[in-house]
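Below is one structure; the comments refer to it alone.
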Amino acid sequence: MSKVNQDSTQVLKLENITMQFGGVVAINNLSLEVNKGEIVALIGPNGAGKTTAFNCITGVYEPTNGIVYFNGEPIVVNHPQGKMIKQYGGINGDLYKDRKPVVHTPDRITHLGIARTFQNIRLFKSQTAFDNVLIGTHLRRTSNMFTAAFHLNAKEEKANREKTAELLEIVGLADVADELATSLPYGKQRRLEIARALATNPTLLLLDEPAAGMNPQETDELGEFIVDIKNRFNLTVFMIEHHMNLVMEISDRIYVLDFGKQIAEGTPEEIQKNPVVIAAYLGVDEE
Amino acid sequence: MNQKKSKKPMIISLCLIAAVYIGVFIAEQFIPQQSMLFIVLKKGAVYALVAVSMNLLNGFTGIFSLGQAGFMLVGAYVYGIFTIPVAERMNVYQYFDGGLVQFTVPVIIAMIFSGLAAALFAFLIGLPVLRLKSDYLAIATLGFAEIIRAIFQWNGLGRITNSSNMLNMFPTFNDFNILGPDGKVTVYLSTLIPFIMAGVCILLIVLLINSTYGRALKAIRDDEVAAEAMGINLAHHKRLAFCVSSFFAGVGGAMLAMYQTTVQAKSFTSAMTYEILLIVVIGGIGSVTGSVLSSFLFVACSEWWLRFLDEKQIIGNFEVPLLRIGFRMVVFSVIIMIVVLFFRKGIMGDKELPDLLSRSRKAKGRAGK
Amino acid sequence: MWDTIFPYLLSGISVGGQYALIAIGYTMVYGILRLINFAHGDVFMVSAIIMVYIMASGLPMWICIPLVLLITVAIGFLIERAAYKPLRSAPRMSVMISAIGVSYTLQNLVLYITGGLNKQYPTIPWISDTMQIGAAKTKIVTVVTPFLVILLVVALVLLINRTKIGMAMRAVSKDFETSQLMGIKINNVISATFIIGSFLAGVGSILFFTNYPTVIQTSGAMPGLKAFVAAVFGGIGSIPGAVIGAFIIGIMENIIKGLDVILFKLGVIQAPLGLATFSDAFTFALLIVILVVKPSGLFGEKVTDKV
Amino acid sequence: MKKLIALVLAMMLLVPALAMAEDVVKIGVFEPASGSNGAGGKQETLGVQYANYMNPTVVINGTEYKVELVIADNGSDDAKAPSAAQNIISAGASIALGSYGSSVSKAGSKTFKDADVPVIGLTCTNPQVTAGNSHYFRVCFLDPFQGTVLANYAFKELGVKTAYCLGELGNDYDQGLINYFKEAFEALGGTVIAEPFPADTQDFTSYLNNSAAYGAEVFFCPVSVKYATAIIQQASSQGLEIPVLGGDTLDNNMVAEAAKGTNVKVIITTFYQEGANKEFDDGFKAWLNANPEMLTNNGGNDMIAAVSVMGYDGYMMALAALQSAGTTDSAAVMAALPTTEIDGISGHIKFDETGDAIRTAAFVKKINNESGEWEFVAEQTVE
């Protein structure tokens, strides 16, 4: 972090984020914060807009309205424009009118220190586990095309390879480093995605359903693993998850989303007791 | 960890390549120059470079570009414009009072100019085009190649490009032969030099592919969204691949000019791009070795080994049916369709020469180092 | 002034109508398979070659024309079955390469059959006759083309909106996988698309080569590319878009060819600039402009990728 | 993979046998059989084949040699020219003939030069083909000559003042001839408007409109057969009233066929007029009619194209050069060529110092719109 703001503990802040696809409102006026060192979970039934929120944070989508701050700096600012002005049904449409829209591309945002994993695993399929992680180190390079091609960056390359080996060791994939990424079992692919995200040196890690498709034992291990890497790399973690046991066990705070709207916020205990959440969510879900 | 294991195949591959070069040199000294072998080797070397440069885009970056002929055209023209001897310019630019350019530069410099000019065109074209998705990009690059062709043929630029007329009289491969005092050739280099030129360029491409940039390009090919999430700037890297590929296509164009001994914009059509694309496909999309091998195979088949299909053949008293002009190309296209449909991986898939020689597939992970 | 421009407009409308018939094939195939069928222009050319040979056999005209259309349709159908169907699950690039391969094969096959010589397209009575419109003289086919195109397009739109197969086509182009799950026989729909596309290319081929009666193996390449550009221009997947795009491109192209004259007559330039050099390139410049400014074309729908 | 490498290596070692039977001499035929000039190239090849049929052997230095033709298709494409030329060279030809189309001739030129194989150009009329080349000779007249003849004919005989010229982009023949026509025509006091059209154009209607809009009185299009037929047909349907003027490429039965039954006046210059040598005409026609394949290559009928005559004369010239060289060695043949002379079907042929045949006359012909045949108009000379 180069700049320290007055509220240095607030790593991520969403302000009045609305995402509208044509007539469909995927996220409706969502505001939330994630503080330094926390593990925060975003939960909600399928189709509640959780992944869309991630996509707005990481610059994949331009939100229709609202601001995303990272370490106090606005990284995404937008307000309804063009034909969205007519279609927009949000309540804070005029709130950011006078602000210039800024939407960083996903790679810029990763540069700033936000790394993510994907709900439907997106590994580089033709490459080995090792290379998948190694690619994550590319953005912090100091070499240019020529120095890289002529191997004048040998020192950096060596350091990156060592770092990659270390990361694979940490996620427990050192033995399969030379396997093709897509030939790994599901659980290992998820860990590999995390290792790859870590290779970009993030300060904030966004995990999109890291436990999807895992059995209870694997899920337990994953929980420990997330806490472990959080401490080891001094991270802040923001995750989407359906496994309630995992969420309740490791989260410091939880946000609940339903039909694009935030319906509750609080510690795991508060959420468990919250009647709105129980009605809208826990009652429906089989978990 | 297993870095030592991967060294050996590398060394064997390098030895094999060195052996090929020595073989070419020896062959050139002893086999009569009239042999079709040399035409095949020269043209094959040119096509190998162009195919590898196309593979860098289509195979390694996943950008389906069909602009190759356009960039080759730029390269070929720039080479011609800068190397036609001043004394010959009056003759070549006969309708344009000898043209505007009235100096020459050494061949190597002209080739670098060729590459740079092609890269510059690529940069300008890339600005609008690279944002497009796969097939739109293909058709847009194809269109650009046609536009470039029209620009170079335009009368208004005649004093530079000689309009649509031919450029010739510039140094060709045969001018690399070393002549004795009596004007007779003492050392033949007309095949070795193109091999070296193409070899150096392909080596540069291979080095780039094996660097951190190459990995980034492959990441883009595999999954753009994930690559971008890993902090890889798509626009920057795509542009880079596009310009580098075009640079070498431009150099390849200059070499094609040397091979052909003449340059004329009308021969750089989309058919040429398709031909190169098919070479890449036959060799294996994503394999440099494959592109090189299939270039030589393709050229040898089309120019030499299958030529007999175009002529009447009489074995004993039996006249082989079907053989006449055009049959060669029919056979050829059928072979290509079979490869495209049933052997989609081509000759090499995405493997390289060292991978073939190393026993364990695992060595691949770090073969680059 | 009008007298100067009119002949170019006339040529443009005629050639535009012929491009339109090819463009529909492109746009329909793209709408369903997301494939640029590079071989479509060559089907158009092959249709003309078949006409040349069938007419030479001495059959009467009223048998020849339906027969040629039938064979053209069969070729379109076979190409899809042989070269695209096996690659249904392959990456898009493979299918496109296969399309280029088919195009290459068709051209070489025709080269072999004709011996590389250009063939004279047979004269079809009535539409080949010359007529006078205002100051310009032209073949009747020039005038007939736009009307025939509109008639065929109306019929096609009715087919797509009113029939069961039309509904299936619309469903498949919206969502390939889901419509498969809904029990639509995807292969039949795709075949139907190729059949319609080839049929229209066959009709286009008759009109085009009646006007420009020289057929050679490369005859289909340029009209094919231009028709594709027209399809993109109008918004790929949209049939009225393709037709309007084709007319615009046909007219613009001919105006460019005559631009020197028009400027000359207006006194803007003293000597020709050789702008006709750019008559083909202009089409592509237009394509790139439209792709950059409005990638979905005039009437296309915007698609967002799901992450 | 190993098998493949083995195969490649085996093929590479298969260098074509260069040693040939004692008593065979080979003559290369470097002609297009496909592409835009395929039709003309085939007719030119026919002339050579007929000459070979009539004169299958040659006596060189007391030994009788069988003459074998090595026919290589250059596809009317500059990019294919070097390998086609190399094909002829590697077959061991002592001399080569060709090509139809000046561009390809130039494109193949260097390959022949580097191998010391002389070439006799048959109908490539662009001056650059032979200029500065000691190995390239030519039996036909040149474009500056032909262009002047055409300009004079148009200005003086047809009495026109404005000419519209249309040539294919990137075709040296078209552009060269138009250029010389323009020089001569403007020197006479006429006005010339020249436009190019891109390769593979099929729609010429707009160019025809252009010619009318410019007020041209003659439409000069020295283009390949493929384009010429299209232009004439479209000219007919658009009711073009001015005459179409062309060079030697239009001297083709397909062009005549296209103009048959129309009102388009077509006037051209060429090398030979059917009927000038009855013995040759009858022999050639009989030979064509006896070979269905040859007849097809000639465009389906037995009309004699001037390029076939040039092919015949070129072949005879090659034989004469072989005889005077007294050996089949290509370098010796090249040395003998400048002093070789023959009395060909198209007249006496003798080379000047650049290697061009000295010609002072061209035939002007026009198409009879009713019969679809060429008619002799005049023999035009320029001093």
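Letters are used for the chains, namely A, B, C and D, taken in the order the chains are written, and counting of residues starts over at 1 for each.
Everything below uses one rule, namely that a residue touches a chain if its C-beta (ideal position, glycine included) is under 8 Å from a C-beta of that chain, and two chains touch if they have at least 3 such contacts.
Bear in mind the structure is a predicted one, so any value in this text is a computation, not a measurement.
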| item | value |
| --- | --- |
| Distance-maximising chain from chain A - centres being C-alpha averages | D |
| Per-chain CA centroid nearest to the all-protein CA mean | B |
| CA centroid of chain C to CA centroid of chain D, Å | 36 |
| Geometric centre distance via CA averages, chain B-chain A, whole Å | 43 |
| Centroid distance [mean C-alpha coordinates] between chain C and chain A, Å | 48 |
| Whole-Å gap separating chain B and chain D, where each centre is the average of the chain's CA atoms | 33 |
| Multi-partner residues of chain D (each touching 2 or more other chains) | 33-34, 169, 196, 198 |
| Two or more partner chains touched - positions in chain A | 60, 118 |
| Chain C residues counted as touching two or more neighbouring chains | 111, 115-116, 221, 274, 277, 280, 307 |
| Complex contact set, residues of chain B against chain A | 1-2, 204, 207-208, 211-213, 215-216, 218-219, 221-223, 225-235, 240, 244, 286, 350, 362-366, 369 |
| Contacting residues of chain C [partner chain B, same complex] | 34-36, 82-83, 86-87, 90, 92-94, 96-98, 100-105, 108-109, 111-113, 115-116, 221, 225, 228-229, 232, 273-274, 277-278, 280-281, 283-285, 287-288, 291-292, 295, 305, 307 |
| Residues on chain C engaged by chain D in the complex (per definition of touch) | 4, 7-8, 11, 15, 111, 115-118, 120, 128, 130, 136-139, 211-214, 216, 218-219, 221-223, 254, 257-258, 260-261, 264-265, 271-272, 274, 276-277, 279-280 |
| List of chain B residues in touch with chain D within their complex | 31-39, 43, 88, 91, 94-95, 150, 153, 155, 163-166, 168, 172, 174, 256, 259-262, 264-267, 272, 293, 296-297, 300, 303, 305, 307, 310-311, 325-326, 347, 356 |
| Residue numbers on chain B that touch chain C, as the complex places them | 58, 62, 64, 128-129, 131-132, 134-136, 138-140, 142-144, 146-147, 149-151, 153-156, 164, 225, 270, 274, 277-278, 281, 285, 324-327, 329-330, 332-334, 336-337, 340-341, 344 |
